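Each of the next two complexes has chain A plus one more chain, namely chain B in the first and chain C in the second.
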Partner chain A sequence: MTAPSSLPRQVLIWAAIFVIACVLPSLFRSGFLVSVLSQIAIMAVFALSYNMLLGQTGLLSFGHAVYYGLGAFATIHLLNGLGKSATPLLVALLPLGGGAAGLVAGLILGRMTTKKAGTTFAMISLGIAELMFATTPIFPSVFGGDGGFAGNRMAGKGSFLGLTWGPQIEIYWLVLFWAFVSAGLMFALTQTPLGRVANAVRDNPERAEFIGYDTRQVRYRMLVLSGLFAGIAGGLSALNYEIVTVDMLNAHTSGSVLLMTYTGGIGHFFGPVLGAAMITLMQTLVGGLTHAWLLYFGLFFLFMVAFAPGGMASVLSRQSALVKAGLWRCLLPHYALAAAPAALACLGAVGLIEMAYALLAGHDAASFMGTSIRLHTLLPWLGAASVLIGGIAGLKWVIGGMSDAWHQALSQLQGGKP
Partner chain B sequence: MTASVPALCISGLRKSFGASEIIRGIDLDIAKGERHAIIGPNGAGKSTLFHLISARLAATSGTIALKGEPVTGLKPFEINRKGLSRSFQITNIFHSLSVFENLRSAVLWSLGYKYSFWHRLSVLRDAKERAEHVMCDIGLQNRRDTAAGILSYAEQRALEIGITIAGGADVILLDEPTAGMSHSETDEAVALIRRVTENKTLVMVEHDMGVVFGLADRISVLVYGQVIATDTPQAIRANPLVQEAYLGTTPVSGNAS
Partner chain C sequence: MDFVVITLLNSVAYGLLLFMLSSGLTLIFSMMGVLNFAHASFYMLGAYFAYQISTWSGFWLGLLLAPLLVGGVGMLVEWHGLRHVRRFGHVAELLFTFGLAIVFEELVPLIWGKASVPYAVPAQLEGALFSLHGAAFPIYKGFMMAMSLGMLAALYGVLTRTRIGLIIQASLTKPDMVEALGHNVPRITMLLFGGGTALAGLAGVIGGNAFVTEPSMAASVGFIVFVIVVVGGLGSLGGAFLASLLIGALQTFSVTLDVTLQQVLTLIGLSLPADTNLARVSLVQLGPVLPYLLMVAILILRPRGLMGVRES
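For the complex of A and B:
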């Protein structure tokens, strides 16, 4: 968790994200891409709200999907309740209803979860989430049973600023609007007394009590506000997909927001956005290519935890600091040298995994680059394994020099500072 | 020392952990504006006494009054809000926050900003000025944006004192403020403590006799959970009971100027 970056850099990142988010859909004009972008924006809000707990207050929650799911259900019920009177303007405001549901859930559940931090908080959050999920079949009128609830965001007549929320691109603009409003508010919160004291409570809860703060009250307030934004994200999801199921508040959803936030980087405000984008892309793009995508995702997560515990954001900020200091030139040859064996190792691993998956699925052959590979012969296995081993050996060979250069650059970077 | 209501009034204080009684009936009045040192051999219960006064631990029996107001059974943050602040023997700071953010966090409650999420920190001039004032007091103005966790040991000890005094409490408890410091660092720390506790009540636990005899108006000697003597430094030095129980038979050497 590094010192907060300077203001101009923050402004630059906001502007860059805004431009990318606005330009991408018109560049590609693909409905699929727009729906992926909507999903990324929704998940970014959800992950940012999660990081209010994990990164800013030091609370590891295993049940954050509760606030997200309740926000989604509140929104879909509001949408259906409005029926034909759901004018486009009202529909645009519905995520706020989701936010209110998340807030109220936080007010109630937070009373129980925030008494203690650490493991106690993690376990109680998990327990409450499981309890909520287990009770959903008892209230089919609220949670809709297995099928969930569907809605129609175009039930009302008319338009708002020419928008009817029919085309995916229009709902994307709506999602983007609320995502920026939410992210802006969450960023503003980090610059307030509560936000700063939450950091203090994260670092040292004992000392926080000796500067006048009731740590439980700090945790409670952060959780309630986090619930608000998770609820907004849930509401956006309800409008985007027009269907809400109980899967949205189960442990799997809680787990994936944790993974997004962590791989993105909990020490940087924008880390969770990066994680949300990365993992949503993996889910949709890699998920479309292979059934083994969860395995790849697991490997990716393991890799991040082992080699970049600060997340992608900290990797990027480290590299950008090196670039700024002009030290990147010394590292670039090493990176280039490592790229080839790394690619080989990945190729070999992917080959083995894909063949194993195909074999387990009962296929006799798998196609690779147009040629058919017979899975019951030894050759393709040996080939993939030797590519993997060769890649790893190559990496071992170059990694020493790279790590020396890396540490040298790092010490120069730190020595260069007064 | 003629103030009517003592800053701190401890009576009949006891604390047991299981069967072992660590604090065995302490009565102690500390006047407003006094600089009071608590000394005693290792394991005498000095730190436990501090934990009881600051509510980190709950007393088994007995009462504590702060400026005439009973505070027994309150939480640490409640006592802090009533104007008592303490430092820790083992450095207890907000390690990933910068020096400035450590100090600014420490002034927020006393300035009334509480849990506010509707004020922007950057426009709170009073918090900024007070934090910067304390930062100059403790001599860390050149380390303003350095993360507290990577400061040197002496700097962290100074920050520890800074966080303690930043909230403007008028009763200050310092737990071994010069522990582990070199001679020159100790001299600086003593000057710092003298400077920042002016017009305040100071209670400190200290092992360095030079610091104790140089700073304290009165000294209490704690042995096996009981105060065996409370008096001026001169009288404590001459007290045969203290010499026997704590200092051995050798009188304190001349490093107490």
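For the complex of A and C:
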């Protein structure tokens, strides 16, 4: 993984995120924006907690939604249990209950999962998650069957610091508060001996064991703490949506936190935050435009795994290092040259996929830039396919020069550093 | 008694089908050290390809061509995708197959629609093979068993009796040495990936019409196949065989037996608090849970699986 960035830069990123998170909703008084931001903040905590396993300890989990979902269920049960005595102050503290549920789940399940790392961990985490999900219909009183459980965060009277948690913006501030507290604690953890040893266990378990660390214990502790934060994220989502269903602990949720974290970048602390923001935005914006968003997302994910395994964060930090070294000027023409065929290839692919979806939905015609396209004729399909192929051919043509320039710049960058 | 015999035969037919899937997954895992998350997607592709071919020229051509097509797709995936991701390590490879599974699951409904397709058993294979006091055993189940056993024999023959099989076996354990002897190991990997996915495709061809050919068929069988290779022991073909039959029996019997958990526990002298939900839970409800329960138990008690050699 990459070296940790220097402290002043970390402070800068924290401050930037804080300013963006606080200024955006005040600037645009839009309910949609606030609800998207709340979701991003929740997912960011969830993804950060996931990265404690994948990025910091090297544990690939396919069942992280278990802790998230249990946290959410604990919170909604607490909220409903409190009923009318749920004062706004108590409601504000409820995510801690979710965190406690995640922690306890981690304490129990971690005993079984963290014995081994690698594929065994991945498989046992998958098995336990599937087991949990498959058991949920047997306990309708706990998981509420298909409908799940609904709650009311305004059941109690009064207010806390003038907040009643009624309007979405107020719950956003609450989510943001807990998100920053959790992120701060998770960041602090990376600086502790445990956080450092977790990195050692990730990179070379044999050696860590040889020095005298109990690798299993380290994995266990990281998993328990990660369960705590995932539980807090689940609790926040329970308060935010006021409904919790079993979908929150299924394989799909586990998969999407993995995708968010990985596309964001597992080598940087803020990578998962970036991934959570990016994918939540994609989900709401692209998902509103087209039914095919999951397909686009799958293709995007494949592209990231194949070409940028460090995620978006590493792409950005590479580029910023190049800009700082003044090397970006040599690369810019190559980027510009590659942009046109890349855009063409994307256009062709999107055209094909969208036409296919329109056909699947039973439409005979689709409109593109004001003109109507008849889907049952061959021409639009051939056109889109040739645009795609042309784009790919163009990319192949320019990619050699770009990769040469890229490697040259990279070696200059590394040579430039003493 | 007849009921038990018929259910046993059904479970063996299902178990052998599962083995066709898990054997390919096991071979790919042994060669590349990576579990192929998209393996069940190739099973689905097999069923859909066979359906498509069967609408043009009948079932038998589909039986022949669809697995070859699926194997071709598999080889392309290895050649243009996985091979390049390998330098980033096992996690990246695994995630690549994970992404592939998502893409396949979205692409298939895009081409064939979201509903199930009418991929049917051919007329020659319809009807009952024999019946025991009214309980019938369909011909198609017998055909499935014969196909699976034939494949199993062919696989065994190729791996142990032919030159390419010996080279494959050698490259599973000592790829560097095999390469040094002048064999093209990347090509062998590609062929093996193609072979493994073709087996999955064949399972799709004969399983798609026995069950339902729909976009969610990959997800429904995918996790079960993982359970099998983990329970059997990662990389062990014999273990995968044993676990396939075991899981096949577990799933078939739990669906057909109308018994509650309470009744099962009474057999071993235990009892549950009478009027709780738990006492009313039936074995049918527990059915989907059992494979995972078995997997978690195996991983805790015997992490290398039933017949596995290595631990991770």
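One rule holds for everything that comes next: the second predicted complex is superposed on the first by the 418 of 418 C-alpha atoms of A that agree within 3 Å, B and C clash if a C-alpha of one lies under 4 Å from a C-alpha of the other, contacts with A are read in each partner's own complex, and residues count from 1 in each chain.
Going forward, a residue touches a chain if its C-beta (ideal position, glycine included) is under 8 Å from a C-beta of that chain, and two chains touch if they have at least 3 such contacts.
What you see is a predicted model; the values in this text were computed from it and never measured.
Participant: Quick one: classify A:F160 as touching chain B (first), chain C (second), both or neither.
Facilitator: Neither partner.
Participant: Touching A:F301 in the superposition: chain B (first), chain C (second), both, neither?
Facilitator: second
Participant: Taking the superposition as given, does A:W381 touch the first partner, chain B, the second, chain C, both, or neither?
Facilitator: A:W381 sits against neither chain B nor chain C.
Participant: Going by the touch definition up top, name the partner, chain B or chain C, that contacts more of chain A.
Facilitator: More residues of chain A are touched by C.
Participant: So in the superposed three-chain picture, is A:W328 touching just chain B, just chain C, both, or none of them (first/second/both/neither)?
Facilitator: neither
Participant: A:V218 in the overlay: touching chain B, chain C, both, or neither? Say first, second, both or neither.
Facilitator: Only chain B is touched by A:V218; chain C is not.
Participant: Counting contacts the way the document defines them, which residues of chain A are shared by the two interfaces, the one with chain B and the one with chain C?
Facilitator: none
Participant: What residues of chain B sit close enough to touch chain A in their complex?
Facilitator: Residues in contact with chain A: 54, 56, 75-77, 80-81, 85-86, 88, 92-98, 101-102, 104-106, 108-110, 113-122, 124, 145, 147, 163-164, 166-167.
Participant: Touching residues of chain A toward chain C in the complex: what are they?
Facilitator: Touch list, chain A to chain C: 54, 60, 112, 115-120, 122-124, 126-128, 130-131, 134-135, 137-141, 251, 255, 258, 262, 292, 294-295, 297-299, 301-302, 305-306, 309, 353, 356-357, 360.
Participant: Which positions of chain C touch chain A when the two form their complex?
Facilitator: 35, 81, 84-85, 88, 90-92, 94-96, 98-100, 102-103, 106-107, 109-111, 113-114, 223, 226-227, 230, 234, 277-278, 281, 285-286, 288-289, 292-293, 295-296, 299-300, 303, 311-312
Participant: Quick one: which bits of chain A touch chain B in the complex? Just the residue numbers, please.
Facilitator: For chain A paired with chain B, touching residues are 1-3, 188-189, 191-197, 199-200, 202-204, 206-215, 217-218, 221, 225.
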